[in-house]
Every structure is written in structure tokens, then in C-alpha cells.
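Structures are listed in the sections that come next.
Below, subunit A partners subunit B and then partners subunit C, in two separate complexes.
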Partner chain A sequence: MLALLGATTLVLVAAVRWMLPAAAGETNLKSPQNVEVYIIDDTFILQWNRSEPSVKNVTFSADYQTLENDTWVKLPGCQSVASTKCNFSSVKLNVYEEIKLRIRAEKDSHTSPWHYVDSFTLFGKAQIGPPKVHLEAEDKAIIINISPPGTKDHGMWALDSSSFTYSLDIWKNSSSGERRTKTVYPRDKIYKLSPETTYCLKVKARLLPRKTGVYSPVYCIKTTVENKLPPPENIQVDAKNHIYVLKWDYTYENVTFQAQWLHAYLKKIPGDNSGKWKQIPNCENVQTTQCVFPKNTFRKGIYLIRVRASDGNTTSVWSNEEKFDTQLQITPFPPVITMKSTNDVSLRVYISAPEESENKPVNHHYPLIYEIIFWENTSNAERKIQENRTDFTFPKLKPLTVYCVKARALIQEGKWNKSSVFSDIVCEKTKPGNTSKTWLIAGVCAALFSIPVVIYVMKLLFRCISYVFFPSSKPPSTIDEYFSEQPLRNLLLFTSEEHTERCFIIENRNTITAVEETNQTDGEHKKYNSQTSQDSGNYSNEDESSGSKFSEESLNQETE
Partner chain B sequence: MTSRCILQTALLVYFCTTVLAMNYDLLQFQLSSSSVECQELLLQLNGTSKGCLKDRMNFKIPEEIKKSQQFQKEDIIWITLEMFGKTSDIFRRNLSSTGWNETIVEDLLATLHRQKEHLEGIMEEGNFTWDHRTLLHLKRYYLRIVQYLKAKKYSTCAWTIVQAEILRGFFFLDKLTGYLLN
Partner chain C sequence: MSTKPDVFRTCVWPACLVGLLITGILSLDCNLLHFHLRKVTWQNLRLLSSTSSSFPVECLQETTAFELPQEILSHTQPVKRYIKEAFYEMSIQAFNIFSQHTFKTTWEKDYLKQIQIGLYQQLQYLEQCLEEEEKEKEDSKEMEQNGINWSGAMVSQLSNLELRRYFNRIDNFLKEKKYSHCAWEIIRVEIRRCFYYFQKFAVLLRKK
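Our next item is the complex of A and B:
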């Protein structure tokens, strides 16, 4: 029973608790949806959608918080707002600071949960609004004067007002409106228009990096009647030694001209810079279509030049503003070249700046490029190279050859280029190659060493041949030692002379035939022959004495 | 045939990178010479340092600039553009109290402008990304300087402090532009 009561109470309590939120569900608010921040210039808008459009009398409130400060501050202009957007432009915030927003719905005393917006910077979300344009018509041009979007000194674009670039669309108001788009300065002129024609234009601003603004409203203006005197055209500036020559074209005669200059950077700054144009010296009331002024009139920088004509009664409009960069007007001086031949059959080239006649050296913003022409002295084939280094080498050339080089300095920037005259020609002969030199020395040494070797070898060879084919008949020297006596020698060796003897035969004991003996030795032999009558043969002997002894002995032996 | 194709491609890539490398080298040369000129001009502006110690201010130059952290090459150009642009903006303000030589200030503005034009031309042509955070930090830094000048009513001391701060900024910028060279 009690348990039953307890259970029922519990169920009832649960039911009530469940119902209560449902009852308050009519006033249980949902936070707003699709909350977006829209910023154009200095106008900050917070916009959202109702999550329950059927619920009436709902207001919305928003807070903001900076990253530095952790507290939520009420967003001015966005407290208890009945509509679905609010303007909080009056908030005093650094546009570059990161902030967070939150918004909720409110009705009576009930509030929805907060809807948070991710952190952002006002500058990051800002869009560029339309610039303000003021127009002035000429006969063939329109002068435009653009004011940057936003408030000038404070606000979103406080620091960027001179960083805007403007893009302009212009067309003729007539039916066949061909649109021309140009990038213009805040104070600029649009040329090449027809007189007495209505032109319409609109301008938008851009900020780097990628922020493009909204177009301004369309402005239309009619150009005036054609002027009697046209403006000068084709303005050019030439630099010569210490002067600049400003030239232009003009069709009419008997007019005087006036030239003015302005710092180019002033064009980028919005506002009236008409008072900043200055007269170029020697170029006021000139009657020729040129004027000359010294170089030191202009310090290094970029300038704009304009010219107008006057015939006493009427003055023409100003000509096109011609950009004049002093850096690009400088004709560089020709460089000075030094060339040296190096050991490995190459030529090393050094380029140096010439000594300036003025005391201050020219400091180029655009680095110099050198155009070098290189050729062999004997041939006409030229090699042209461009180099930005001042110290480089021509490798692998022919040894002991004369090469010549000349160079000129170039300044190049986009379509501008200015070159100096060519330097003096410098010629240099390459050294003989290291390798050929070595070979030469080696060859010479080899030759020197080889000659005695060859001679020696030849000698040996000759000896060998002569030994084999033409042996010597001279006895070896050892024989001479042993056999010093002549007869023995004669016995042992062949003599060169051949002794021929006439032999005689003793046939008759009695008759002794005296035979001639060709033996040249002695008459004793003859004698001998006559004495011995026996049938002893005569032994032919060279040596008579020895021979006779021998023969005597043999005779004695025989008889015994 | 394939190997020849590969060789040609390799040569093309090599020369492309060489050409691109050269472009950055040339740009670095131009930026550093502009920076040197600007610093020389700034130094020619005579500042009175006496009695200005009390006006010193910590403008809190962004940490990433101070530490010369290594940025992408495009980011370095954006940073340079921002710094040159804001410096130019500052020096066009009320300088009457300083007694500085007007021609020197004009030369400074002209140098900054010339380099800015050149960089803007480059960045407009290409499709470059940029580092939001660093640029925002830089904008905040320059806003602090401008607000300081306004608060001090463009006094001589305030300008002297700002001159020193801008010179300091160029010093850090030089280190950054060094990264354009590889």
C-alpha cells in the first residue's frame, strides 16, 4: 500500500518533471542559426536566422570576447534586437585582433543557449566597399580622382589607404559600348577618347593579397569640344654625359612649351597632388620641341614628366605623363677587361668597372649584365655570351693561340634596356698545354737517352755479324804468348804466303841436275843438294837450317 | 629513346630551377640594395636622443620576424611588401616637429615606392599563397606604432623612437631576405 503510494508519487514526479520542460518548451528557446558576420569597410553587420519563426516576441543579444581578455563583453548595437541582424560598427576594437562572438535568443526571462561564432579578425572578414569617384572632362581625356573606400584616417583601411590599386571600366554611353578595363592611380587621366562623347565608368578597389572590392556606382560624363591646341606627344628622355635631353613631338609651330615633373610615388597617394608638380629648369617657355637640363636636377628615383603647349592665348591640356626612371637613363660606361692565360689552356677574364669621372660611383639598382664577344684572332667566328659575373674563364681552348675579347655592360629591366659602348679589345695568347709540354720533355729525354743505346746495340750487332760472316784470321793473342819464335809459328799456322817450290827428282847419281829452286831462302840449300848424292829426297823446308838438320838426322837414321 | 627523353626532361628541370633560382637571386639583390639605401637615408635623419628615454616603447615586433624564422619565399615577399608599405605610410605623416630634411624623406619614400611597385607587379601576376597570421601580426605591429605617434602628437621624441624602431625592422628584414638565396 505504502509501496504503491511511493511508486505512484515517483511516477507522478517523473511525469511532472518531464512535462515541465515541455510546458516551458513553448518558451524553451533554440539558439539562432546560420550566424554570419558581414563587414564592408567600417560597417559591421551580424546576421542570423530564427530557429523557430513561429515563436513571437523573441529578441537576440550578442557578446564579444578578445583573445587577451577572457570576459565576454556586450556587443554594442546587438542587445535585445528584434530583427535578425544588428549593426555593431560602434565597437571599439582593433581590426587586426582576433575576437569571438556569441549570440542567443531571449524571450521574457528565458534564454536560448549561446551560439558561438569561431574566432576571426574584423580585417580578415572585411570586404572592400565602393570607392568614391570624381570626374573632370577634357576634350580627349577624362581626369579621375578616386577617394579610397572607408573613412580616411581611422577605420578598417586606415593603414592601407595608399596600398589600394584601382581597376576602372569605361565605355561609351552609346549603344555599341565597348568596355575597356584599366588599372588606374587614385588621380589619373584616361586618354584616347573622342571629344564631345559621353562616357560612363565604374571603379573598384583591390588590396593585395587577394581582396577585391565592390564596384562603385556608374558615373557618366561628356568630353568637351576639341581643343584648338593639342597636347604634345611622344615624350622621351635621353641621357647624354652630364645632361638629360627631353624631347617631344608637336605638329604646330609658333608655340611655347612648358615641362613639369613629379615624384612617381605621389601618384599612389590619394588626394590632390596637383600642387606638387614642379617646373623642370630650362624647360619653361621653350620654343623648340626639346629642352636640356643637367643630370643633377633629379636625384635617383622614378619621376613623371608632362608637357603642354601654349600659343599665348590658349593653352593645351597636359600631355601624357611619361615615366622617367633615372636608373634606366644611365648609359653604363664600358667595362675594363683584363685577361690572363692559365696553365690549363684557358683564359681567365676579369671585368671591372671603369674609373668614374664623377666622384660618386654609380650604384645601379639593376645589376649589370655583360655581353662578351670572344673570337680567335685568326678567324672571324665570334662567340657571344652574356655573363653577370665579373670573373670567369673560357676553358678548353687551343694551346698557343691568340684569342681576343671585347665586352659591354647592359642594364635590362622588362622591356627597357640600355647598353654601353664596347670596351677596348684585349687579346691574349694561350699557354701550351700541360700535357703536350710533358710529352715534349719526355720525348726529348727519351731521344737523348736512346741515341747511345742505339749506337751500342748497333755496334753489338755489327760485331756479331762480322764474327759470323767475316771471321778474323788473326790468331788469338794467347798463341802469341806461347809461340814467340817465328819458325814454329810458321809450322803451326798457315802463312799467307804460299811457298811453292820446285821439286827436283834425282834420277842419276852422277848427274846432278841443278834445279832451280824457287826456294828463296838460301843458296845453301843448293849446296846441300850437290853434296848429297844419295837418293835422299829433298825435303822442302822453309827454314833452311832447321830443315837441313832435320834432313840430316833423318838421313843418318836411315843409313844406320 | 626513353633515356634521351629522360635526359631532356632532366636538363629542362635543371635549367628551369636554375632560371627560377636566378630570379630569386636577382630579387634578393634588388631588395637588399633597396633596404641598404633606406637604412642609409634613415640614418641621415638627425634624431635627438636627449630626453627621449621616457618615451621609449615596446612595439612588440612579431616574434616570427624577430626570430627570423625560415619562411617560404613568397611569404618573404609579402612580408617585405607589408613592411615597405607601412613604413612608407608612416613617413608620410606629420613630420613638422622633427625638422628633418625633406629631400631625404622624399628619397626614402621614393625608394620604398619603387621597390613596392616592383614587388606588387610580381605578386599580382602569380597565384601566390600567403601566411595570414604573420601578415596580421605585422599589421598590428604597425598600428601600434601609428597609434603611439598619434598619442604622442607626433612629437620629436616620438619620431626619434619610431625612427629607431623602423631601422630595427629593416635589420630583421635583411635577415629574412637572405633566405631568398639558397
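Our next item is the complex of A and C:
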């Protein structure tokens, strides 16, 4: 018994010691507070606050656990840390898997209870760090070269090497205002700057849809002295039937131009693409400010186009890179207009798609807006309206006046502004204003005329109804004739039994006559018999023995 | 008077049809883009399907299940924004896969380029749509403050994470197999699945 008691007390003491280690060691350690995980790119930081700043020589240790693995593993870089922060970037983990962390304070052989951090994914907590930026100056532009945040090809953004989009903030160093914000490619050019001016800029990376990084430090650079030859401006590509027309503006003469293209997707991939630009056919050494090339030069896709000028000795820098999407190079077709004058001195306009066109579906698929120009034939005053309806009315016009209308289709969608040529002009005269009276008269006339018609129709209808629902009670004449001599009450029975009865009667007569004849002969026999019997009756009593004698004799004669 | 029914037949009826079509498209945010998206996704799917007619037999034993999160369609369906986000995420990841520098493959290079061009186009349209919406959102920030949006964002974030896990598996597979011929063939088949999803997303976006 004593041994058992001793054992239990030992166990109890041990349990108490295990549960409350501080109670025995006098140092009641508390677990750290406000534990936070900060992740920027590939740097993972765990931060916390001391619960008892007065207690000296306290260190902290953290464990982690993945969902796949149920055991707690020591978090590298976060063992026996004396400060309130540790870097666990060296941990090898799938950044998309959920992990759990726990941390406790330690002093000598004593430890605090664990503080648990809610499960999270490294990616979910990760912030995008500042990108590295390299700048090069031109006279009116700055070439920007951005390296994506994080380490290349592995780590946090391993899947995102091409996914980053960059927002750039640029301003003149001298002035405080006038900031420009722009979305740029990793390798891009910022245009429309002044020469010999210092510009400052900062860049942040973004991962659509909702991760936005921190800005890079501010970089400043001074643009160079203005070049003699400026680059061409306002580059524009227009699609015609089978060709593209590339146009640009240029102020100087006696220069030749050269145009190049690049697949726009290459810009999205980090790396140098300067060697991948290709010459546009028919656009080399052109002296005009435009060049024409067949549509089949470009397959479907998005392209970048740039142009530069050369006067033989010097060459300008490349122009702005103009984005050009073959799929969006659509010119809508002019609509077809029909106009109709209505009775309230208005003109109703119907707009429809052209019936015969080379590329029929184009107009149908786009949200078209119609620009309609409307004028009185004799005056020059035009009314211009924009409509997205295809059926509308110009109300309250002058009566008996000719009005004309023409329209064109527009595609207005953000940056794309396309318009068709104008349709044919359609003119129409409005109706006189007092049309309502004539209509009233016509209406009355029509009503008068329709009365006899209505009456006649009613009559017909009445006849029909009475024929169907109230038929006359007389039977048809044929039936009448047939049964004219017969009384009507026998009509039902008579027809079925008449013949058979006759037949019966005829048969009966035969049998009856036959029977009567036989009866007659029988009767004679009977009469005769009765007479004889009557006679024999007289004799019978007398001649009983003689009869028997006679029968005996005849019997004997028979036996002999 | 005799021209009256003709006018109606030839003009009003098609006009009504066009009107219906237009209102259908106008109800979308970036309406023109959705039309193009559908076209581009269809072209891309056709292109990827045509890159090789048969799967090489010697690669059969290396095939792996990458477990494309199929519920992505049903999860994102209620809100157009989520469809766009998932659509974008898948597109950008597919683009990244095809844009890896270590690309060594027997696929015809031209085809690969075409796929990249198509995917880039798809991305551009989606990016534009997302950015446009972002601006709209900034304009009406106070509407963001309610809890419904927050829980919605969680759903979208979770599906985004699922997609990333999936593409991470693909990425790891390619790295493990050292971008071998077979690895690429397997990935190509896998990515075709995504392209089918693109097609579905595009249809969903146009419908709404």
C-alpha cells in the first residue's frame, strides 16, 4: 500500500512538474506574443514580442508542421534565437501548401507553453518586393529595364516570371507635381520627355488580380541633348481591304524611313528582345511618310511596330512602339438607311446592316453606335446625333418638307475608335400636318361601308347557328313518303316484324291446311271407329268368351 | 402603300435582330473583348490540338495525374469577376509554361510561337478587362466594405491557390524530367485540358 501511494505521488509530482515547469523552477516563463509572419519575395521572417522583457537570457524556438506530415519539425533559422525576430528563408517548403507554426520561450531547461500561429500558405502571405530597375537615357525618352522581384526560376515567384505587370511613376525632378503613371513591360521606353531634363521614377510590380508589390527606390536620370533627327511620331496602322497602311508624322524632308515589327508576346517574357525585331516588307528606305504592305504579312496576333528616320549620315532613335492587333483591325461597313414619313409630321429612320458585303458578320458582332447626320434639304443646318438604336424617329418636323439623312457606323470601345464611311443619302418628304382630318373622314366612310357587310355576316352567322343548334322537328321528306300510309306510332316496331309475320302467316296457313286435312281424315276414322266401337260396344259384353275362344283358336292356329 | 410591308420585312426585322444582339453585348463590361476572347480561345484550342496527331507510345508510362481542380468552373461561376480571375490565372500560367527558356522540344517551333501569340492575345484582353474593372472598383470603393465581397474574395483566392498548386505540379514535373521530350508531350496533353476550360470560361463570360 505504501509503495503504491509513493508511486502515485511521484506520478502526480511528475505531472505537475511537466504541466507547470515554472512552478518548480521559480521562473514562470510565458509564451511570446503578437507572433507575425512577414514574407517578401523569398525572405521569410517570423517576428514576435517578449512577454516578460525583464527576464534576461530568454531565447525562442519555433517548429513548423505541414498538413502532409503530422510531426513538428524544427524551423531552421529559428532555434534558440535571442532576438525577437528570425529568418527562416532556408526552409524547403512548397509555398502553396498550408503550414502551421509554433513558438515558445526557453530559459535554461525551462520552457514556456507553445504559441500557435494559424495555418497559412507562404504564397498567401507573400508580398511582392521592389523590382530592380536599370535606366538608359535618350533625348526624349528613357529606356527602362526591370528585373522581376525575387530569385529567378525558383522560390516564391517561380511560376510568375512572365506574370508580373509593372506600374511606373515618373516625374520631373525639378517640379513636385505632374506625375505620370504608366503600365510598362519589363523592357520598355517612356516617351514624350523633354531633353536635358532630370526625371525620377519608381516602379512596383503587380500580379493580377490582387497582389501589388512595394515600390522600388526612386531612380533619377537626365535625358541627353536633343538629337538632330527626331524619331517619327503618331504611328498608325489602318486596315484596308487586303492591305495595311502604316502612317506616321514627320516634320523634316529628305529623309528615308525604316519600319520594323516584333511579336508583342516577347515583351512579356523577361530578357533581351532587341535582336528579334524584323523588317516590314516595303517599309525599308521609304521616302514617304507611309508604307503599304499586304495583310498576309502578319498572321493573327498582337504586334509592335516602330519606325525611324535617317538622312544618310545620322539616324534617329526608334519611335514609339505602336501596338497593333490584327484582330482589332476592323472597319465597320456603312449602314443602310430607310426613312419613312409618319402621320404626325415625323420621320422614322431604320438602320440596318448592309446585305451584301465581303465580311458579313463584322457589323453584327460589335456594339455599334451610329452617327446620323440629318438636315433639311434646302438648308445647310445639320443635326448630328449618335444613336445605338436602329429604329428611331425625328419628331416634330415641318410638314411637306424634304429632309435628308446619312449615317455611319462607329465602334467605340476604349482605345479603339473605328468608323465606317457614310451611307448613301436618303431623302424623304414629310406628310401634311392636317392628315388627321382626312383620316377621320376615311375612317367614317369605311365604317359606313362596313355596316351592310356586318349585317350580312351576322345574318349568315345566325343561320348557321340556328341550323346547328335548333334543327326543324319534321323528319326528312323521304321518310315521310315511305311511312305516309302507316300510322306513326307503329313506326318503330312495324318495320322490323312486318315481313316475318307475313311469312309466319303464310307458313301457318300451309301447316294449318295440312293439319286440317289430316284432322279431317282422322275425324272420319274416329267417327267410323266410334261408330264401330259404339257397335262393338254393344257386342263386346256378349261376345267376350267367343272372343277369347276366337283368340284361343287363332292362337292355336298360329302355334300349329 | 405596297412598299410598306416590304420595308418592314427587309428592314425592321433585321434591325430588331441587330438591336437584340447589341443589347446583349452591351450588358457586358468589356463587351468587345469578350467577343474576341471567344474567338481567340477557339483558335488556340484548335491550334494546340493540331500540333501533333498522336501521343507517343513510349511516353505512356511517364504520364502523371496533375489533378486539374475541376471544381473551378462551378466555384467561379456565380460571379463574373471570379471567372475572369481564374481565366486569367490559367492563361498566364499556361503562357509561362510555353515561354520557358529551357524549351527543348520536337514540336514545330512555329506552332509553339502561334500558341504563345494566341495566349498572349487572350491575356491582353483579360488584363484589359481586369484593369478596367479595377478602376471602376476604385471609383466605388465604399461598396467594397461589406462582408459579402470579402467572403467572395476568399473563394476566389482559394480557387486561385488551387490553380497555382496544379501548375506547380506541372512545373515540378517538367523540372524533374529535365524538360524531356516525353515530359513536354505529357504537358501538352494536360494543357489542352486548360484550353477546353478557356473555351468554357469565354462562353460563360459572354453569356452573363
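Note that the second predicted complex is superposed on the first by the 301 of 560 C-alpha atoms of A that agree within 3 Å, B and C clash if a C-alpha of one lies under 4 Å from a C-alpha of the other, contacts with A are read in each partner's own complex, and residues count from 1 in each chain.
Criterion: a contact is a pair of C-beta atoms (placed from the backbone, for glycine too) under 8 Å apart; a residue touches a chain by one contact, two chains touch by 3 or more.
Predicted model only: the values in this text are computed from it and were never measured.
Looking at the shared chain after the overlay, A:Thr390 reaches subunit C, while subunit B stays out of its contact range. Contact with both subunit B and subunit C is seen for A:Tyr96 once the two complexes are overlaid on the shared chain.
Shared-chain residue A:Lys398: touches no atom of subunit B or subunit C.
When subunit A is checked against subunit B and against subunit C, the one touching more of its residues turns out to be C.
In the superposition on chain A, A:Leu208 contacts both subunit B and subunit C.
Contacts of A:Lys459 after superposition: neither subunit B nor subunit C is touched. With both structures placed on the common chain, the touch criterion links A:Arg299 to subunit B and to subunit C.
When the two structures are aligned on the shared chain, A:Leu368 is found in touch with subunit C, with no touch to subunit B.
Touched by subunit B in one complex and by subunit C in the other are residues 94, 96-97, 121, 123-124, 158-163, 165, 208-209, 263-265, 268-269, 299-302, 325, 363, 365-367 of subunit A. On the side of subunit A, the complex with subunit C involves touching residues 94, 96-97, 121, 123-124, 158-163, 165, 183, 208-210, 263-265, 268-269, 271, 299-302, 325, 327-328, 336, 338, 340, 350-353, 363-368, 388-391, 411, 413-414, 416.
For subunit B in complex with subunit A, the touching residues are 26, 29-30, 33-34, 78, 81, 85-86, 88-89, 92, 103, 106-107, 109-114, 117, 120, 123-124, 128, 130, 132, 135-136, 139-140, 142-143, 146. Partner subunit B is touched in their complex by these residues of subunit A: 94, 96-97, 121, 123-124, 158-163, 165, 208-209, 263-265, 268-269, 299-302, 325, 363, 365-367.
Remark: subunit C residues 7, 10-12, 14-16, 18-19, 21-22, 25-26, 30-32, 35-36, 39-40, 43, 84-85, 88, 92-93, 95-96, 99, 101, 113-114, 116-121, 123-124, 127-128, 130-132, 134, 153, 156-157, 161, 164-165, 167-168, 171 touch subunit A in the complex.
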